[in-house]
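In the part that follows, the structures are each spelled out as structure tokens.
Below are two complexes that have chain A in common, paired first with chain B and then with chain C.
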Partner chain A sequence: MEIIRLDNVSYYYKAYNDDGTVGSAVGVEGVTLSVEEGDFVALVGHNGCGKSTLAKLLNGLLLPQSGVVTVNGLKTSEKENIFEIRKNVGMVFQNPDNQMVASIVEEDVAFGPENLGVPQKEIAERVYDALEQVGMSDYAKSSPHRLSGGQKQRIAIAGALAIRPKVLVLDESTAMLDPLGRKEVLEVAHKLNAQGMTVVLITHFMEEVLDCDSVVVMNGGHVVSVGTPNEIFDNRSLLDEVGLRAPRTVELAQKLSEAGFDVNARERDARKLGGDVCLNLKK
Partner chain B sequence: MLRDVTFGQYYPADSFVHKMDARIKLVLTLLYMVGIFFVQSFVVFGFVTVLLLAVVLVSRVPLRSVLRSVRGIVVLLVFTAILNLFFTKGADASEQPLWAWSPWNGFTIEIYVNGLKSAAKIFLRLVYLVVGSCILTLTTTPVDLTHAVESLLKPLRVVKFPVHEFALIMSLTLSFIPSLIEETDRIIRAQKARGADFDTGGLVKRAKAFVPILIPLLVGGFRRAEELANAMNSRCYEGATKRTCMRVMKLSWRDLVASLVMVIFFTGVFLLYGMSSKWGGIVWLYY
Partner chain C sequence: MPKSEKVTAPTPTVPQNAAIFAQNLNFIYNPKSGFAKHALINVDLTVCQGEFVAIVGHTGSGKTTFVQHLNALIRVQSGYLNVLGQDLSAKKPDLKLLRRQVGMVFQYPEYQLFADTVLADVCFGLKNFGIDKDERENMAREALELVGLDFAKVKDKSPFDLSGGEKRRVALAGVLAMKPKILVLDEPTAGLDPRGKSEILTLVKKLNQTEGVTVLMVSHDMNEVYENANRILVFRDGAIAFDLPPRDLFRMEEEIESMNLEVPAVAAFCNELERRGIVLPKECRTVDETLAAVVALKEARDA
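Up next, the complex of A and B:
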């Protein structure tokens, strides 16, 4: 079932030209996109390509200036739908410090359900469920600013989960994290996806794209390509054009296979690839 | 220097004071702060010291973190103490100053016994005010404090005072203090790395040197505010309407005990104050 649908959506920002006149800058332009329930979709592109604008259009933080965004059958342009839409689309942003509303983990996670008007007893239940899902139950009473970046971001995910959304949008949520923190957050995202959550992962790390169901490539506010990770990695002229590179292992496997080595061009496990190369050399 | 600001920094522990209802703690702290101004003599200050130490002990907050809060007002302390020292005259005109110095004709600096006493008292009063309120913030999470303020201000809703919004602003301010301090530290270091000089030159030059800190801090603050607003909106924030609350505040025996102790103590303080001003006879009240 289709859960999110964008029809020819455009959004322009106000921009000031050098001579002081007001012009506009493209946020996104003519984007048509559909996300199926249960999918793990990655949205990639260079800085300023419109990824984050697109994310903000998904839960009505920004409203399309033309076109229609539909979430679970509800249009974001209708004001009375917004609350329902935000209940369905949980969002986690880039800077973990700027999303914390409380200075105790469990109180922060409780913020969403409190806003929904959930009865007091059920809030605690939701909070502990959510913390359990991101593996942070032990930190319920700690203060967020003493945690690591990856832990803070998992708390932010728990904050979104406590609302019980159908879609989780991670808007560059891994961009400010160290490799370990990134791994933690991605593992949580994949685990949630395995349990049926639709995940939209916005990122500029191509390694994170590997295990996604589909990849949306954006450039200059336009969607330039949609496909499986393999389809996107194989289309090297496209990647060059938008200034992205396939993950190192993928690139290496592709090049080795082109050079006549007997390796799987789709191999993603670096260790396995190394083994295959050695076997080739032995022959 | 910036790390010394403990205000708004919760010290997690499992103690009698931590478990008390935040509303009671807030009211008792207010009672304490008013009470401090009715303390007239060093003997009673001694009693207050014993009370404070007992509270700190029961709260299981290390004395060091409590005292650290005083560092923030050192300048104020020294300033007010000095003013009191030099500008308090003797009890009557016949009293001789302890020390006097006349740098030129018609101008004398004099120190009286009274000045010494009032300087010491104002010093103690300010320190005790800060320490007392600091115990509240060290043992109460900003969120609890906010709930307490919200709950105590509820009657004001009748006059359309935005109680919930006020409480939320308070809580956000408190919880953003650590990250803002961190950011200020970072900006200072970044500017120093580029050769900014904050420690030399006259007052004007030094004040000007802080502009390159304030501007990035302000700009960063606006960026933060926008991101926070987005995050809050994304989590279905729609103001106070139909909002529920995870935490239920319940009074317990602890609150009763603490209230009794504090009320009895400060009733004593108020009574002594009343007696001393009425009769002036109980001599030790003045020392």
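Up next, the complex of A and C:
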């Protein structure tokens, strides 16, 4: 089932020209895209390519200036839908420190359902479940500022889960974390996806893209390509054009294969690749 | 012995050509409270002029505490530290000179931009160092061109109208304008896209190789560390656990993984080859260098 649909969506920001007059800058332009329920979709592109604008269009933080965004059958452009849409789309942003609203973890997670007017008893259940899902139950009574970056982001995810969304949007949620924190957040995202959650992952780390179902590549506000990770990484000229780069192992495998080595051009394991190259050399 | 007389260790001899020399450096946050944290433990280190040193380690391992010592943002609590000939354990080092010589680029430096125009922002440090207006502008022009921005185009723009990558380069220019001898960068590529990352790293490498600037770069990205640094310090629990050239460090796969660090892709590839008896030159650190080395081996074998 289709959970998110964008039809020819455009959004422009106000910008000042050099002479001081007001002009506009492209956020996204003419974007048509469909996400199936249960998919794990990566959204990639260089800084300023429109990824975050697109993310904000998904839950009505921004409304399309032309075109239509539909979430779970509801149009974001219709005011009475916004509440329902935001219940369906949970968002986690880049900086964990900007997303904490309470001084105790469980109160922070409860913030969303409280605003939705969920009965107190159910809030407690939701908070408990959400913390359980991100593996942070032991920290329910802790103060968020004493947690690591990865733990804070997991609390932010729990906050989104407490609303019981169908879609989780991670807008560069791993960008400020150290490798361990990144791993924690990604593991949670994949676990939720395995349980049926649709995940939209915005990232600059191409290694994170490898395990997604599909990849959407953006450039200059446009969607320039959609495909599986393998299909996207095979297209080196596209990656060059939009300023991205395949993970190093994949790049090395591609180039070795082109140089006449008998290796899998889509190999993702550097050690396996090393072993295969040895077999080639010892033939 | 009179009470007031403090017993101090004799001043150690600083090796010639050392840009940074630390001996037995210790630092404790909140030393007298219940939250005391021993952030640096017996750090000994000599960095020579012109080196490109990467500093890696877990969050909370002491990396940032250490680099903040280098321009006296954190004063020496115990132990000895000498930076570019100045004894920072002394009571009153020349901080003005030190801060001109040691350029510090913090995490997300673009958040520190504040002036109305790019030019004013880049000139801010120079102004504080008492450099006159014309000279300032020349130095700012040089710095902005160095980071790859068009001086005429950006100088009167508001820094807030620039893209993320451009903002970061403006912030970097503000530090480079002072022509530091040592450049300390705390995660300079965090949050940038792959192209932005490679632009910053190319620039840092160029400064290191052509201008002889000593570079200390804190990073979580093992691939970029592997490809750029000549030497890697691994901090663990406040101490330097390893101090090795990249190839040697990442040969120890088990130790690396036990510290929750990643083995760079190229290193993992080379390690596997070595296990099977094929040793590539240790200069193979990028994908293309490694590819060239392997192709050369194959051609030699085919011939």
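The rule is simple: the second predicted complex is superposed on the first by the 283 of 283 C-alpha atoms of A that agree within 3 Å, B and C clash if a C-alpha of one lies under 4 Å from a C-alpha of the other, contacts with A are read in each partner's own complex, and residues count from 1 in each chain.
Here is the rule we go by: a contact is a pair of C-beta atoms (placed from the backbone, for glycine too) under 8 Å apart; a residue touches a chain by one contact, two chains touch by 3 or more.
Note that the structure is predicted; figures quoted are calculated from it, not measured.
Superposition of the two structures on chain A shows chain C fitting alongside chain B with no clash. The three-chain arrangement built by superposing both structures on chain A places chain B and chain C 70° apart around the Cα centre of chain A, to the nearest 10. Residue contacts after overlaying the shared chain place A:Lys87 against chain B, while chain C stays out of touching range.
By the touch criterion defined above, A:Pro247 reaches chain C but does not reach chain B.
In the superposition on chain A, A:Ser148 contacts chain C only, with no contact to chain B. By the touch criterion defined above, A:Asn59 reaches chain B but does not reach chain C. Looking at the shared chain after the overlay, A:Gly117 reaches chain B, while chain C stays out of its contact range.
In the superposition on chain A, A:Val277 makes contact with chain C only, while chain B stays out of contact range. With chain A fitted onto itself, chain B and chain C come no nearer than 5 Å, counting C-alpha atoms only. Residues of chain A that lie in the contact sets of both chain B and chain C are absent, per the superposition on chain A. Of all residues in chain A, those touching chain C in their complex are 15-16, 45-48, 94, 148-149, 172, 175-176, 178-181, 204, 206, 243-245, 247-249, 251-252, 255-256, 259-261, 270-271, 273-275, 277-278, 280-281. Partner chain A is touched in their complex by these residues of chain C: 58-60, 161, 163-165, 190-196, 220, 222-223, 260-262, 264-266, 268-273, 276-278, 287-288, 290-291, 294-295, 297-298, 301. Against chain A, in their complex, chain B makes its touches with residues 10, 12, 141-143, 171-172, 174-175, 178-179, 224, 227-228, 230-238, 242-248.
For chain A in complex with chain B, the touching residues are 56, 59, 61, 83, 86-87, 89-91, 93, 95, 97-104, 106-107, 110-120, 123-124, 127, 141-143, 145, 156, 159-160, 163.
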